[in-house]
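A short worksheet on the structure shown next.
We call the chains A, B, C and D, going by the order they appear; numbering starts again at 1 in every chain.
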Amino acid sequence: MKKIINDPQDVVAEMVDGMVRAYPQYVKQIPKTFVMVRSDQASMKGKVGIVSGGGSGHEPTHAGFVGQGMLSAAVAGQVFTSPTPDQIYAAIKAVNTGKGVFLVIKNYSGDVMNFDMAKDMAEMDDIPVKSIVVDDDIAVENSLYTQGKRGVAGTVLMHKVLGAAADQGASLDDLEQLAKNVLPHINTIAVALSAATVPEVGKPGFELADDEIEYGVGIHSEPGYRREKIKPSKELAAELTAKLTASLKLSSDKKYAILVNGMGATPLMEQYIFTHDVLNKLAEKSIKPVFVKVGNYMTSLDMAGISLTIFELASEKWLDYLNYPVKTIAW
Amino acid sequence: MELTLENYLAWMQDFAQKIADKKDYLSDLDSKIGDGDHGNNMARGLKAVSEALATKPADLTSALKVTAMALISKVGGAAGPLYGTAFLEMAKLSSKTVDLSELITAAAAGLQKRGGAQAGDKTMVDVWLPVRDNLKNSQLTSEKIEQAVNSTKQMEAKKGRASYLGERSVGHLDPGAVSSGYLFESMLQTGVIK
Amino acid sequence: MKKIINDPQDVVAEMVDGMVRAYPQYVKQIPKTFVMVRSDQASMKGKVGIVSGGGSGHEPTHAGFVGQGMLSAAVAGQVFTSPTPDQIYAAIKAVNTGKGVFLVIKNYSGDVMNFDMAKDMAEMDDIPVKSIVVDDDIAVENSLYTQGKRGVAGTVLMHKVLGAAADQGASLDDLEQLAKNVLPHINTIAVALSAATVPEVGKPGFELADDEIEYGVGIHSEPGYRREKIKPSKELAAELTAKLTASLKLSSDKKYAILVNGMGATPLMEQYIFTHDVLNKLAEKSIKPVFVKVGNYMTSLDMAGISLTIFELASEKWLDYLNYPVKTIAW
Amino acid sequence: MELTLENYLAWMQDFAQKIADKKDYLSDLDSKIGDGDHGNNMARGLKAVSEALATKPADLTSALKVTAMALISKVGGAAGPLYGTAFLEMAKLSSKTVDLSELITAAAAGLQKRGGAQAGDKTMVDVWLPVRDNLKNSQLTSEKIEQAVNSTKQMEAKKGRASYLGERSVGHLDPGAVSSGYLFESMLQTGVIK
């Protein structure tokens, strides 16, 4: 493991410290926690607070999206490990301005349980809390018997939409309704070229041969649905687009936003080439997305790979939310 | 079989040691069917538990409570709220009874309520339920615990990260079941059951 | 070589296509060239145009910085290869609104010669052109006998400063003077954990052992000044900060801006940890930078590593330029 | 020794072939002391030259000019403007004289003006200058070219990317010198000098 770190046990503490010292204009740390709240407290006044969080290792998610027009606070857990209820609760208390707090949770059993416990704590304090559990990864089939789908890069779009609505004065109930409406329209699927190495573990989460890729891998090295030899970008784009075409029933009558997301070690050049191929694939179906974003947004440490998110803009308002100006480190 | 402050402290001390010793092994197991952090999570949590118990809680209830709080606030992930809830349920009940079997029964119920896992879902529940039942009729042995832990090997995961693997989770021990196995081995070895 | 690409010969064409189709609000392509000009032409009116460019593989540099308040156009060469004079000339023509055009060139013999030839062409067309050759990398000693220092990540700060000044109406002469004044105050030094693989070459530019790093490496895998075993982040920070302390004569009386730049494959988590260590090192000297930026700005394909730029803000105005709002893909 | 449209076209055809054949080798050399693209750059450029010359330029001057333009607009990097300038200087002079020695002398001067390199700086100039001198007294041979190319091996680079290596550039051939060697080998082999 070759990484620019100190003691693997300190990675989150030092990262959070680096982040808040680099960008005091956007985020500040609640002392003795890994909670980063919006520096611009004035912009939160009279608005519903939006809190997200989860394991670390997905930077710039989540703290990179804290700021006016997006999140009110982000809670960083240990690497790939949900943050604990006390920390989430501290975030809730810090951002509640009387209008309640909305939680954006990714669908992992740990995250769901820890956020639920924090919600219980907040409710004992009479802070109204609602939440959405994001499960945009279509690699894993939803079924009664499993944990359900995972929350991955599409979560960033959920943050953006909710943040814009909250900034424009949406109530807690409005946000819950909006989140529920939006959720099924955001679908994501990934392809990995290599796995992430968790600093405390010291070796990659899985091994791929020098010429092998895996489709459908999760953001914590959860296994995907197929391994095969590396393919040209256009074939990777075809595979992922086909999966999303099926799940979202893509149609040229509808409007779409696209998020091409690098997993951490994949350079922007490759991301743009892949974008070119995805846009070509969609053009074959006479679809021209009205919003495209390319970059490292929901990473998985040093994993090489890419995810493709398609967001069906079933309401014209949702596009406005995506285009709504924000003041954050990373959007 | 009564839980006392004394035997509880011995139990936890032993458990913390086991977890520290087996940290890498637990993370290894987790990296096969999860995300490779279970050992680190548990080691961080039990270190906090040891520190909390070193402040000499006045009675069993507070000892159980600080254990729960340390686990909830330090473990994170799935294991944190699950173990935390289990000890919190024991803490709550301990003001009424200190019967080990009843305490473990309450803990297991809390754990199932928190995580929604059933027997056979390939989780720590697959250790807690047999332990609960064997305690009830005073038949808990090291072999029974081992058996319960090993039973997870052939299961297909339906809860937690391992469930993403579907059939591919078969053939691997569940890391949470293994750490729960250590918990109950410690319970036996430190004479909580006589 | 495991990369998300198609034919290695097409990487630049496809990347440029992906970029302009993803972000039509910021950049558009001059047909049959790899020149991307600002979409918002209105914002260029009456202003000096600023053109930068160079070999590809450093994304988001240069096109990611095209937009109001920053560059007017970016010219993309082949991977790690200077663009050709005809393309640079096309960019100059496209952005000249009568006030002339300022070129930002990185100090590589190829870049300098190609931009010079383009300048000659523009002058034959009576377009006034001035330029600055950026050479911020202190890894290579400047001397009469060599090519001089290399242009690396500090170039992005040069873009930012000049872009802000141009947007506020600076003349071509003003910009030349500003660029000359700023240049010696921007210094950069890097450390590499692995080399970049040029798609057409198919193997890394150099080999480092699994536990080895190299200080002072350039953005095209140019060799650095020392190899050694991987060190904790705080020691890397100490080494790089010491070099910059010497070159810039850092002092607690002065104001500084910091750019921590990821080389492509190094995740943000590591960059923030390194930032934490750099800020600690500077704090030991009672220096607290007034501006900090962290992220992948001047990359080297899939190189793992980091560079540290320190910019001495000798004029209060320079900080304003850094903070001046821009509309770009990547700043 | 006069350059004609005919022998020039043969020369360039042979040179393009050599470059195509040695593309990987040139990039390999460049990856040792540069950035590993010289072969790709030259191959891309000579492909463009071949295409341009296939459109049958009317005379030598236009043939030299389209060569220069193709090199300038397709090679990029350092080699593009250098080779481009060399051929552009030949094009300019060719309306006055077609004496090979004079043309190469003009080309070498342009090349030095563009890049500022002196003899001994470990660049293509270290091939162009001896070739120029040997042409002047009609003594150019394959051995002389080879000698000039090989002479760059022991030099320490003072110009171009290799200069960043300082002393470490010693012991490697300069890729631009090697490609220039091919240029002049082709010149010999295609009978431009008789």
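In the analysis below, a residue touches a chain if its C-beta (ideal position, glycine included) is under 8 Å from a C-beta of that chain, and two chains touch if they have at least 3 such contacts.
A quick note: this is a predicted structure, and the numbers were derived from the prediction, not measured.
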Hop across touching chains from chain A and tell me the fewest hops that reach chain D. 2
Please work out the Cα centroid separation of chain B and chain D, and write it as a whole number of Å. 75
Where the centres are mean C-alpha positions, what is the separation of chain B from chain C, in Å? 53
Please tell me the distance, in whole Å, between the geometric centres of chain C and chain D computed from their C-alpha atoms. 31
Chain D, residues touching no fewer than two other chains: none
Chain C, residues touching no fewer than two other chains: none
Counting only chain pairs that touch, give me the topology of the graph as line, ring, star, complete or other. line
Each pair of chains that touches is included here, namely A-B, A-C, C-D
Listed in rising order, chain C residues that touch chain A in their complex are 2-7, 11, 14-19, 21-23, 56-57, 59-60, 64, 193-194, 210-211, 213, 230, 232-234, 236, 258, 260, 264-277, 279, 292-296, 299, 301-302, 304, 306, 330
Within the complex, which stretch of chain D touches chain C? 27, 31, 35-37, 40-41, 44, 72-82, 84-85, 114-115, 158-161, 163-166, 168
Residues of chain A touching chain B in their complex? 55, 77-87, 108-110, 113-114, 116-117, 140, 145-147, 150, 198, 200-201, 203, 205, 218, 220-223
